[in-house]
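What follows is a set of notes on a single structure, which appears directly below.
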């Protein structure tokens, strides 16, 4: 639409938020017809680096506190980041669970092809924590750079199991099943949100932040499998 | 041509054709129109073709002279320059994007100056073009330089004896003789620009209509819907094929 | 002086070209010499395609090269036209476009350049080939178009490297005639490399003979060919040259004495040469008895029919002599290579010339 | 060469050199040894060089015959084949990786057969090589084909009149005449293989020592430590430069 | 019959080659014809580099081409050696390696092939060039190496396209002698394209004249050159040919009557030609009076010195005639192109030949 006085809000969000934020964006625009919300979904660390290099945007949502901290340290945000949502690991298996995986321990059994995230990325560090606390040592076939790559291996039938976030397993729909496991609670991942210091639209940014942290946000996020604080 | 060579040639073709054809059998034809005609896909297509053409043109205008310098002059340290030109080839594109960001970002030496002048390059369509130019340039330079080395020199001399200055000889003799190589180099350059992902997403970000080219859109789509990503790849492939099949015959297959 | 004046020294491993020459406007200088003597190299240096180690070239009162002063006008501003040994037509242009290239480079408008090209193409009898690409031309056709291209550029200095070698019996004389006309008309200096003494005689005013990179003879064409001082020149001229030391009425070549007409006074014991035409030589199996003739014992090296005669080559002490005899005579005598026969020549047909230094020889 | 062309040539060089040099000024020299000599970096380096060389060799063995077929034969549909060969150029590498996965994965038509035979390609070093071969093949084929078109044909005929069969003519005439183009094509191919990321991570995964090549390691490192990533890029660049500067002069700069 | 037997038809837009020829082992067939006549094309077809539309080629009792039966032996298995108009040396190999290429292809071991190459190189007097690359050779040197390369391959059929065109006065006769020796010794059929009638006379047993793609004359060299039926052939042969209709003791050419010796009986009013040597022609400013001579009024077209004579070309009714006179005579008469003069020739020097059909003419 080309209303006069169209305003644009730019949101930089972790890639795992793609579906839920797309929907939230639509709802927000419905409430503010003069606002166009632009999303850029990328890995949190890339976004953090871009903000440090002077990227101008209004809102940043990181998939982990670490990358948010980088931006905070660089003086990139106004106010204090708040936790927007949480996410926990689950075991994604191909439909029908051909390898018959029922627990985290099953993943360590020989002959199973298991794919996880690399320790450098948030889902990988969560995996490490679960391994440590449960004492189960995994022998993954691959340590992927992002959680979607893990999921892709599972949906393609190339892995017997993959450790992904609950939200990712959910987004796969029919192509994957989730096997939840209790040890996952040892590594709950938090998604901090903050308004950026150089925000061209600080007012709108605050409104958007309030909106996603409010009831609408909570509803959509939990629909997609996120936990809410 | 030795007959034996048909076997490896067929195998080479298979290496390319089998995976690609397998891929496209997976696309659900019923969903195809919806996937391809979505505003996101069309915006991405438009942006990709536009930036791809602009950056190919940039590579042409800047790269041809560089190839000439490399092939025709005897400056000290030419070998080092030649190696440097190849760097974007081996640099992972993401690192290339970081490099551009460090140079032209607000805190970068050049970006800082531009910022004062009120010009901001990162996260604009110009940044997409720059990323693509950066990664695609070596394709043009290397391809042309080889061709320039094998042919041309003697004909340029003939042109000089007919009174043609360097510029005329270049336009009327060197360029036409170079056309086949230029054609294939341009195809490679354009293809590389069209497929560019890592440097673009790092340096230009990924905003629909401004910086989200087809590969970026495919990547974004792949996060949620692999089928959509594959369908969009199909779009990219078709665009590339059209460009190649339509543009190439004259430049490349035309007998010289 | 306007015209060309050059003094150059160009070095390659195992080969050095040293030449000094002057060509007046409208004058044609022919360069003769065996394969690899440096003829093409000389043209390349004059054209500026090769940079000599040392040298100075003046063209129409301007210095286009002076290594001492660091002057080096690039090829395209020298105004030289070079027809190289291979046609080197631009493969992407038609014959007409090839010929129009020079005029276009000189700033002539497209239509005028085309017209000029067509004119030159019909001059070389290649009008019908105007729209062909070089790949569609026969060897001789390509050479004609290349000649037209070189002429159409109307250079200040014309350098021609064997322009007629690929042409047929009809085309070669016609082209020779064309060159003759064009070269005089245009009043430009021309350097013409050729293997064919005919070209030199017809087209050239003066002659330079190159041997192994050095000028060994130079002068008006007729003079050089009439009194060759080098065996090579003599062979080119189609004359026999037998070097030796002067005697009263001839020369001594080892124990062989050859008498003849002394053209210039020669001091006894000075180096001198006997020069005579192959047509004047008769071939005998036995030395002729009782008649005032020169008889030279030779070993037969080769028999080469030449039109209506056979050129018989004989070698005496490493020196090659030729005799032109009728095929009937060859058949009668049953001549076969490696036989020992006598070359007989009347003294009236032999000219005795003084030779400078030891430069001429077997 | 016209003088005017120096300006764009210099600009072309700047487009490449400035970002890269800026990148390296950001690396902390003190940390460099630690970063580069870490087992992760060394493993990745070893794997990258190994797979890069193997896949370049594969491209050579398969791609040269294909280029010959494209340049020297007159089969129907050659133009389509030529366009198809270019597909990996434009396909986003991730999609290429997916294609390979669908073909050679457990559930794929070929992979299923292999699985029965107990052979598994994904997650192995072979998968890395295949990914690299897939994306790098067009670089060799396109580069060579252009060169084959301009030169060679007439000399091959001369060889035939001397009694040389196609194979001998190919080995002794075509290949030597092709060396300059082959050299530059091989450099491009190797560079592309060395920098390959998307297809590899999709098809082969990322496991230190087995499938995590330098670009993958750089990517992984970039998630947590950009400096480490840049340092490793430096390593990659140095390797590539060494290969190019050492290997190229003979093949490419040697006068033919 | 062993040897070569070929009947081919090759079409290009605007050009069709139709030729039928047979060459016995040890025999040399010379192919003459103007530029663009199809000589190189013929050799390419024989070598298998061009595929004719229709044709049959037999070599040593084997069929190497038969378009009717779909037989087409590829070049490399035909055993033909082709020396093309341009040397086309492999640029990446040294001269020696170039020459050794053929023997190597034939399976000769490296050392033996090298030895053979060195032998052939010294045969063509290029032993000193063995280690050079083609780029470092002069034009004539390259052509010699190419000749050595073609000969070293020891083909069953040798095809030579102007093998001596680039050679100097020393090299050309030597090479001609070498070819003469080699071609006879090896007992292989040879097809030799040349512009030089000398090559044809020295080297060839038989002669084919191509005009515009068609064979217009064919036969033993001497016969064809002695009784040329085509103006081109006559010019090649260095003879004048004036076509007309037979009369009692000569021919009528329009209102000009030329009398001569009737070599073969000719019926009145049949087409016939008067053939005479340029040396037999004198040039006069006025028609000679009261003596039994032929006097033909001509317009001077060109003057071309040839060694010690000048060839004067005159045109009468579109027919070109030549007269060889001394330079002194040219000077005395003050001959200039476009003048009207008389060509005078004694009847005893004119031979009258019948001519088939209307194929010969002005």
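Points worth noting:
We call the chains A, B, C, D and E, going by the order they appear; numbering starts again at 1 in every chain.
Throughout what follows, contacts are C-beta pairs under 8 Å (C-beta built on N, C-alpha and C of every residue); 3 or more make two chains touch, one makes a residue touch a chain.
Keep in mind the model is a prediction, meaning the values are calculated, not measured.
Both subunit C and subunit E are touched by no common chain.
Looking at B-C and A-B side by side, the one with more C-beta contacts is B-C. Ranked by separation of Cα centres from subunit C, the top chain is A. One inter-chain figure worth recording: subunit C and subunit D are separated by 56 Å, centre to centre, where each centre is the mean of the chain's CA atoms. Annotation: 15 Å between the Cα-based centres of subunit B and subunit D.
Work out the mean CA point of subunit A and of subunit D, and you get 34 Å between them.
Multi-chain contact residues of subunit B, defined as those touching 2 or more other chains: 98, 102, 108, 165-166, 222, 226, 256.
Across the assembly, subunit C contributes no residue that touches 2 or more other chains.
Of all residues in subunit A, those that touch two or more other chains are 46, 49, 152.
Pairs of chains that satisfy the touch definition comprise A-B, A-D, B-C, B-D, C-E, D-E.
Across the complex, subunit C meets subunit E through its residues 33-37, 39-41, 85-86, 137-141, 144, 161-162, 165-174, 176-177, 195, 197-198, 201-202, 232, 235-238, 277, 301-302, 304-308, 311, 313.
Note for the complex: subunit B touches subunit A at residues 98, 101-102, 105-108, 111, 115, 120, 122-123, 201-202, 205-208, 220, 222-224, 226. Against subunit B, in their complex, subunit D makes its touches with residues 1-9, 11-13, 15-20, 22-23, 26, 61-66, 68-69, 72-73, 79-96, 98-100, 102-104, 108-110, 130, 133-134, 137-139, 141-143, 145-147, 149-151, 165-167, 170, 180-181, 183-185, 187-188, 191-192, 194-195, 197-198, 214-215, 218-219, 222, 226, 229-230, 233, 236-237, 239-241, 244-245, 248-249, 252-253, 256. Residues 154-155, 157-166, 168-169, 172-173, 176-177, 179, 256 of subunit B touch subunit C in their complex. Across the interface of their complex, subunit B is touched by residues 10, 15-16, 18-19, 38, 40-42, 46, 49-50, 53-56, 148, 152, 155, 171 of subunit A.
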